[in-house]
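Chain naming follows the written order as A, B and C, and within any one chain the residues start at number 1.
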Amino acid sequence: MSTSTVDLQHDPHGEHPDDPHHQHHFTTMEQQFDTSKIGMWLFLATEVLLFGGLFVGFGMMQARFPEEFKEAHEHLQRPLGALNTVVLLFSSWTMVMGVLSARTNQRKKLVIYLMITILCACIFLGVKYFEYSHKIEEGLLPGHYYTHHGDKIPNTHGYATFFSFYFMMTGLHGIHILVGIGLLWWIAVRGNRGEFNSSYYTPVDLVGLYWHLVDLIWIYLFPLYYLIS
Amino acid sequence: MAQALTHSDPHIGDRPRPAKNYLNATTGIWSWMSTVDHKRIGVMYLVAVLSAFFVGGMFALLIRLTLLTPSHKLFGKVLIDADAYNRVFTLHGAIMVFLFIIPSIPGSLANFVLPLMLGAKDVAFPRLNLASFYLWCGGAALAVTSMIFGAVDTGWTFYTPYSTTTQNAVGLMTMAVFTLGFSSIFTGLNFIATTHKLRAPGMGWFDMPLFVWGTYATAIIQVLATPVLGITMVLLALERAFNIGIFDPKIGGDPVLFQHFFWFYSHPAVYIMIVPGMAIISEIIPTFSRKTIFGYRAIAYSSVALALLGFLVWGHHMFVAGQSELATVIFSALTFLVAIPSGVKLFNWLATMYKGNISLETPMCYAISFLLLFAIGGLTGIFLGALSTDVHLTDTYFVVAHFHYVMMGGTVIAFIGGVHYWWPKITGRMYNEKWGRIACALVFIGFNMTFLTQFFLGSKGMPRRYYNYLDQYQPLHAFSTFGSWVLGLGLFIVAAYLLASLRKPMDAPDNPWGGTTMEWLTSSPPIEHNFEEQPVLEHEPYDYRPKVKKHA
Amino acid sequence: MEWFRSLMLPPQGSAFAAEVDALYMFLFWLSAVLFLGIAFAAIYFAIRYKYVPGRVTPHITHNTTLEIVWSVLPLLLCVVIFFWGLEGWMKYSVAPGESMEIQVTAKKWIWTFEYPDGSRTANDIHVPVGKPVKFIMTSEDVLHDFFVPDMRVKHDIVPGRYTEVWFTPTVLGPHHFTCAEYCGKGHSDMMGKLTVDNEADFKKWLETGGDDWKNYPPEVWGQMQREQKGCATCHSIDGTRGQGPSWKGIYGKMETMSDGKSYLVDDAYLQESMMQPNAKIVKGFEAIMPSFQGLLHPQDIRGLIAYIKTLK
């Protein structure tokens, strides 16, 4: 019988009184880490479903307007899309290296890798900026803002629908990149202060998972929009 | 030493009440607003969802009053016109579904009880839990704002293209629903992680109380279905703002696609509403029968089965809506599968009562009401699942009656039963038992008067969402309205004696009903960190066999 | 048994109705038996095993045989019900080839019907007894639903699409149809009359609009047309402003149009407003009224004008 049980009510840090990151309702740091990971995976599942709804909507509309969608995608600059894909893939690698550095107590390396990841994210957004402004100039805009001239099929809403989805999906993805930059910056600052080590690097790990998801979604967006055939 | 669970006498476990509990450990408004204690958040949720229930209920009474006569006149004056009526039933539906029933049991009771049942000190992510509550508040604020800006007259289902073309505050309401969706996701996410990682030492998956199983199954649906509702609401709002061309047929969209999106969430949402209700019943029945639950695993698996099947039957809302014939036939076949786990639960509860030692305290009265009302709700579902009868009955009062039997006769009755069951634990006080039973009887009678009538109205061909109706339906409408008054009176009495109990000093024992789950091990109300010592599970759940105290 | 069915269900107007009712009644009795069984068990157990302090209950955790039985039996029953429902559904969803086709256009909040010979009606249809009729339906604005309770059929009407519903009427006389998909303010007023005629009466009605009108003074007939043809949805008779101008005191008045010109409201003006409603739009209103060309027979127009004259 556990007569030796610590009276937890008066010791919020339980068995790890020395680790400031340990929350009172977890018995061990390991349990706390695993729990955080489950939470993050579940959150990522909701993200996949959020985008999933848009993918399904895109598919339905593509089935309705196959010709328009095919023609509309030619307005997208495939090389720029490909460049962004490479940039994001590279940033995923630097993120992995960042997590590894945190786990192995390499503080400086962690910060450098995170900075490179942020730089990649900024390049991605920069490229997106050029793409967007090109679309805006040509009137390739969503819904009733669509003013592009010279399309092959007259009297159709198909082109506008294509660009509605293009802006919604890449826009939502772009917002995720922005949030990602904020999160990366936050853990970089904390990492620089030396808050992470081999026994506590949960935030780095979780932001890493998030960043891979953002990357993964782009891996699906790129062929969907740029490589329709 | 760890506390051993024994239960031959319902009042065992009494000991001096600790001076400090979760209610008075810290004081001041701010200590509540910034709390991360799951019990306080549960209490705040309880107050919030009950307020929403009150508002939604007032709208319901107004709807019934309007339909009392075909002329809608009371003392010679027309009560509300068609436009106002459409807004009132939309608000009734939206408030009851999104602000009340979906967050009701998970947000309030499960939030309070689930960690206690697992022997945990809190949920996995206490701050996320508080965030979920504030998101609820934000959603409620947006909904109220939409009322100020002309409200919404689309029905709670927001069907396109009516919702994309009507001139009122649909945008605000969709944002409210979007926000409430994320509140629900965070609650679900929290419960899944809590159930996986924070069980007491020795508690395996099949040692968990069935309420935890039900809440866990619900949480899966909350996490997996709600994002789709979120994106649907965004698409609807963007369609209104930019004519993106997905739902509005005038610009090439497909209005039926909206229905697919909407029901892909909103059918699983039906199980977000009913499964926690069933989970409460699975606690109350063994406790008041003083007998182990019959078919523990069957009940646990059937909760999960309902959660998963819930994702496969959304098309049964659309048999006559213009989806493909093949899809309709498949959805009908799948729908019948839902009957099996629901039936299994019902039979298991009855078998639990068999040879029990049954006392009819208020929670048990609600549990038996639930059995009868849910039976009717389930059986009338078969009429709607069968294809040919559904053609006649869909979009009529039959459907209205059916889902009120499941949502109100099922979930809300279970919720009220659960509030009574855990009231001593939450507040430290017993309520007036005599009034409890009287009110339960009134609620039961009033509910049946109101809604049994509507099965007949619907079968006779009375469509739903009708302001004007043919004179031939008047007697039934009037009877239904009288029933709503009895129902309203019953609920008013519940509110009165529960609030009255708060005025007296704490008098609840730790375990007033002789429950076997861990929440009864701690004091009533619990201390701030739930347990003085980490409880350890020493026997299977719902074990009512007489025991010798091992460590006396 | 017949009277018992009529307690719950509307009169049967078609062969399909009888089939639906057979399944409905089967489900009703099945549900009644199951419900009473459940209720009896719950109440009996509560009384029979009433609380006695200190009594020990048996520890029964499960019973595999029993659990299999109560899972499999309902499943078998469900299979039977599914196929029963499917059988009716097949009939409902496939119209016979020789059906008479009526085109239906639903609009907030009026029904218009077009017969194969080109004649049109609003909110009022006649069909011949014993012949299958198929309704090919579309909507001009939002979702509607064509519901004929006596025939036990309904189907949503979707803008931008055509949907179909059919039945073979078997019972002469009046029935009603109604909108069953929420469509806004006038949703519950979107009702109409379905009359099942014998062959001869139907032909006559198709050609002349029938003889009913001869039984009424013109202004009373006009008043009935206002309700039936959907005028009432937009034009009030008490001066309240609706989607269109109120009829109260309109006859003999000078109305200012949206182009600034004024006209006297007389017989010719009213007739024009029914046939070509968008020729002149009263200032402050929108051009939303559909043309009633072909919808109103001469006696209807006469009646409506006579009725409007009485609204002082």
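Heads up, the rule we're going with is that a contact is a pair of C-beta atoms (placed from the backbone, for glycine too) under 8 Å apart; a residue touches a chain by one contact, two chains touch by 3 or more.
Predicted model only: the values in this text are computed from it and were never measured.
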Quiz item: By count of C-beta pairs in contact, what is the leading chain pair?
Solution: B-C
Quiz item: In terms of CA centres, which chain lies closest to the overall middle?
Solution: B
Quiz item: Distance-wise, how many Å sit between the C-alpha centres of subunit A and subunit C, to the nearest whole number?
Solution: 51
Practice problem: Could you grab the centroid distance between subunit B and subunit C? Build each centroid from C-alpha atoms only and quote it in angstrom. | Solution: 34
Self-check item: Shared interface positions of subunit B, touching two or more other chains
Solution: 254
Quiz item: What does subunit C use to touch subunit B in their complex?
Solution: 7-10, 19-20, 23-24, 27, 30-31, 34-35, 38-39, 41-43, 45-46, 49-52, 54-63, 66-67, 70-71, 74-75, 78-79, 81-82, 84-89, 91-93, 141-143, 145, 147, 149-150, 152-156, 158-161, 163, 176, 178-189
Quiz item: For the complex, which residues does subunit B have touching subunit A?
Solution: 1-2, 115, 120-126, 128, 185, 189-190, 192-193, 196-198, 223-224, 226-228, 230-232, 235, 238, 242-246, 251-254, 257, 261, 527-529, 532-534, 536, 551
Quiz item: Of all residues in subunit A, which touch subunit B in the complex?
Solution: 1-3, 5, 7-9, 23-26, 31, 34-35, 38-39, 42-43, 45-47, 49-54, 56-57, 60-61, 64-65, 142-145, 156-158, 160-161, 164-165, 168
Quiz item: In their shared complex, at which residues does subunit B touch subunit C?
Solution: 8, 82-83, 86, 153-155, 159, 161-162, 165-166, 249-250, 254-256, 289-298, 320-322, 325, 328-329, 332-333, 336-337, 339-340, 343-344, 346-348, 350-351, 353-360, 368, 371-372, 375-376, 379-380, 382-383, 385-392, 394-396, 456, 459-461, 463-470, 543-546
